[in-house]
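Data first, discussion second: the structure below is written as structure tokens.
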Amino acid sequence: MGDKRATLAEAMATVPDGARIALGGNTLHRGPGAAVHEIVRQAKRGLEIVKTAGAYDVDLLCATGCVAVVSAGFVGYETPFGMAPAYRKAVESGVVEAREHACATVIAGLRAAIQGVPFMPVAGLQGSDLPAARGFRAVADPYSDAQVYVVPALIPDVAILHVQEADSAGNGRILGTRFEDVLMAQAARRVVLTAERITDGAAFAEAPESVAIPGFLVDAVVSAPGGAWPFSCTPHYGYDAPYLASWVAAAAEPATARDFIASHILTSTPVPA
Amino acid sequence: MGDKRATLAEAMATVPDGARIALGGNTLHRGPGAAVHEIVRQAKRGLEIVKTAGAYDVDLLCATGCVAVVSAGFVGYETPFGMAPAYRKAVESGVVEAREHACATVIAGLRAAIQGVPFMPVAGLQGSDLPAARGFRAVADPYSDAQVYVVPALIPDVAILHVQEADSAGNGRILGTRFEDVLMAQAARRVVLTAERITDGAAFAEAPESVAIPGFLVDAVVSAPGGAWPFSCTPHYGYDAPYLASWVAAAAEPATARDFIASHILTSTPVPA
Amino acid sequence: MIDSAASPAPWDMMAVAMARLLNSGETVFHGVASPLPMVATLLAKHLHAPDLTYLNITGAVDAEPERLPVSTVDPALLHGTRALVTLADLFDLSARGKLDVAFLSGVQIDAEGRINLSAIGPYDHPAVRLPGGAGSAMLMPTARRVILWRTKHDRRTFVERLDFVTAAGNVDRVVTPLGIFARRGSRLEVESMHPGVTPAAFRDATEFPVAVGLDTPVTLPPTVEELTVLRAIDPDGVVRSEFA
Amino acid sequence: MIDSAASPAPWDMMAVAMARLLNSGETVFHGVASPLPMVATLLAKHLHAPDLTYLNITGAVDAEPERLPVSTVDPALLHGTRALVTLADLFDLSARGKLDVAFLSGVQIDAEGRINLSAIGPYDHPAVRLPGGAGSAMLMPTARRVILWRTKHDRRTFVERLDFVTAAGNVDRVVTPLGIFARRGSRLEVESMHPGVTPAAFRDATEFPVAVGLDTPVTLPPTVEELTVLRAIDPDGVVRSEFA
């Protein structure tokens, strides 16, 4: 396989305005923090974010005007820091469309994309206002006439995933929870990996089941030590609680958010404290 | 988790006549040989076998009158030993129904079972006589009106899988290719594992991604050293070519098949040469 | 509203009450932002339900965390797991009827036990955009039992009418700082009030009508054994984090 | 029908001809019972297509087997792989249009390149129940290019009418011991005959009409380099196994 190494700037430069981007990780954990910061610096516009449960990534990209649509099941910092202020404001003011999902319908949409079919049936949703709000249709099972909700294929233009180790061919090893990263890598038209470290990958052949992302699905791999920060990246570091607390406080007001972004993101590449 | 260890005879005694059984492995590799032999000794009747690509397992169970239906995409010994004589005879004489699948439609049916939905859309099948022969229906995508084939859920009553290592709680480690074993374990109402060795599983916590079958899906786990034989079980042993060659030769005629089964299976538990 | 002199701390009472609802042999799942379910499930497993299967969004199975995190997606919850499943696997487990208990919450909860986690005010122009229902719309109709918990019990939480129905389904119990609702038919009824809670206080905190009186049972306070095991599992008091 | 003095061994000719059809950068898949595709894919990767991605039913990606097995599901094909995908993953890859080449075969093949692997005679009361089409019904319409190979080239194989259409779709080439068909529009046309094969022999071995004559191109025989690499990859001659 060819050498797919690229710089973070090069890899993110391939993400066009208006792209539908799937971001790996979940809430405070193993999100592609460095890639998200580069997207802010490159001032992308009109992005759609696909994720089951987002936090700082969604919130920051809303604060910086990069986002038009958020397709997610949950956006918040969980119990540690609560709701996502910039995301809230952007949706409440109508600047960003919250294309609300159940996490399971994000997965169903990705599964349809992966399996090359236009829709995926999904159990549940009965009694919820979501199908009506989102236009999820029910179809009749041709074998029983039972009605089942189906979710349209959700095909990301780019999946951006942070892994603990990768080789130059794009084989990516994930330690611990894989979240929806593997589904995103299969569903997306293009895949960009950022990795804590790029190695020769010789050890991968000893334990190929530890390689979550096969290289042939990957278009670019970026060396990004600390590249999940401020998200956690087990076993290397936890999420940066003081940083996230200060961001959430700043994010409540546009002026303070702007100052925070200018000093922490635009002028420098943040790295783990 | 409780201790799920059982003897092979106990575990197979829970398989009723007429059950739909999913058998792990593929063609000559990591099939549950010992369990299949016990099914023969217990003289089950009217079974439906679910597998993408079967060989000795399907052929032997057809020769012994255990099977009514074979739901598979391929039945044969590949290039080494060619077609499955007893399966052929049983289908050609109308004793066994070949419920032919594309391997992908076996997977689609299992996926529907796993996801708790009545059907699963599947790409392809256009131009094939299979949908008409099998009654696979097409439905209109409610979002585009495109027609897509859908396969009904295929729910095995029991999945019978051979793994290299398991603990008493039923956590099963598979080395090498997992084939459809994981899908079968999720789709089936009950799961029986046979294992080359049962250990305390302490090492599983060091590499949980090597544990293909989580114990909470498993109902019984059987210590069965050599339990894949005459199938291969990497890295412990390859398939038993001389044994399979002699079986395929014997299987061509009911009389020779009967003698072979009497001397090799009914009177003893075969073990690797 | 709770006379703390006569009553246990609400976090202890809720964790213990939730743990008592779990049975050995059951498969139990919690998702994001769920410290109380995390503590309650581990508590039940250490007390009366050793064969309970503890599942959570990390994909761990019966993990034995060395420390309890405030984020319930934290890798700390992987410690000791012998298998790693995915969130998709866990939703599928529920979808095919093999998930016994799912813990969910709601910013608004109505008398039928339906929940709103989506928006306050008009859905398309919300006064407050909430985080969203995560797995609830799929889990509530498919899990065998749904246990709702909410650390706020007031008239803005337990409402006559939801602004949006994020999810509805197989609610079994609702545990709050004031007491426990059980669903009878299609409606929530008060099963018990926690020690020190008066019928008037419970009624005043609930917008929809509830039948409570002096004959309403009182929740058994946490026993010494329950509190001892709880402190051992959660020495840092993560159980209090949802009350911050 | 092949003048072996003037011509290469059919297994060598077929393996080389199949390898020449593969391009660097392509994703290439074979399934069960596929020794010639296995050898041809590895041969192409060692010759002109180093960046070809070799996928097979074992789930290995670009494995470098130390020995070639006769069963093409054999764990020997896992050697050196850095990732393990599943058969379901590989079908999905084709389903979403990202599989460039699938190798398939047929017991009967018609003039449109459709295949029968299901039954000879009436489907419901077959004279011969065949092994079945494995992945073909799903792969033929979805893979970008399907390369058929068959080691028998006779009138019972290349037929006017299939007894059953197991699969149909994106056939690009058909490689046999006598030559190579290419699909033009909806029909197979003879692209070349292998060295030593006469137009009469080719015609007589094919039930459906084929345009062959003295102006029909002759397949370039295996070069010394091709045969040298082939012997190095396959010292045990697994390439001959389908002719046994």
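Read from first to last, the chains carry the letters A, B, C and D; within each, the first residue is number 1.
The working rule: a residue touches a chain if its C-beta (ideal position, glycine included) is under 8 Å from a C-beta of that chain, and two chains touch if they have at least 3 such contacts.
Keep in mind the model is a prediction, meaning the values are calculated, not measured.
A.B. asks: Treat touching chains as neighbours: how many steps, at the fewest, connect chain A to chain B?
C.D. replies: Between chain A and chain B, the shortest chain-hopping route counts 1.
A.B. asks: Tally the contacting C-beta pairs at the A-D interface and at the A-C interface, and name the larger one.
C.D. replies: A-C
A.B. asks: Nearest whole angstrom, what separates the Cα centre of chain B from the Cα centre of chain C?
C.D. replies: That gives a centre separation of 41 Å.
A.B. asks: When the centre of a chain is set as the mean of its C-alpha atoms, what distance in Å lies between chain A and chain C?
C.D. replies: That pair's centroid distance is 28 Å.
A.B. asks: So what's the Cα centroid distance for chain C and chain D, whole Å?
C.D. replies: Chain centroid spacing, chain C to chain D, equals 58 Å.
A.B. asks: Scan chain B for residues touching two or more other chains and write them down.
C.D. replies: 115-117, 122-123, 209
A.B. asks: For chain D, give me the residues that contact two or more of the other chains.
C.D. replies: Residue numbers touching two or more other chains: 78, 84, 94-96, 142.
A.B. asks: Tell me, which pairs of chains are in touch?
C.D. replies: Contacting pairs: A-B, A-C, A-D, B-C, B-D.
A.B. asks: Quick one: which bits of chain D touch chain A in the complex? Just the residue numbers, please.
C.D. replies: 27, 51, 53, 55, 61-62, 78, 80-85, 89, 92-97, 142
A.B. asks: Applying the document's contact rule, which stretches of chain D touch chain B when the two form their complex?
C.D. replies: Those residues of chain D that touch chain B are 31-33, 35, 57-59, 70-75, 78, 84, 86-88, 91, 94-96, 114, 118, 123, 125-142, 164-169, 241-242, 244.
A.B. asks: What part of chain A is in contact with chain D in the complex they form?
C.D. replies: So the residues of chain A touching chain D come out as 1-2, 113-117, 167, 169, 171, 186, 201, 204-205, 208-209, 211, 213-216.
A.B. asks: Taking the complex as given, what residues does chain A use to touch chain B?
C.D. replies: For this pair, the touching residues of chain A are 112, 115-123, 137, 139-144, 146, 148, 150, 152, 207, 209-210.
A.B. asks: Note which residues of chain B are touching chain D in the complex, please.
C.D. replies: By the definition above, chain B touches chain D via 26-29, 52-53, 72-76, 78-80, 83-84, 87-88, 91-92, 94, 98, 100-105, 107, 111, 122-130, 133, 176-180, 182-183, 232, 234-235, 238-239.
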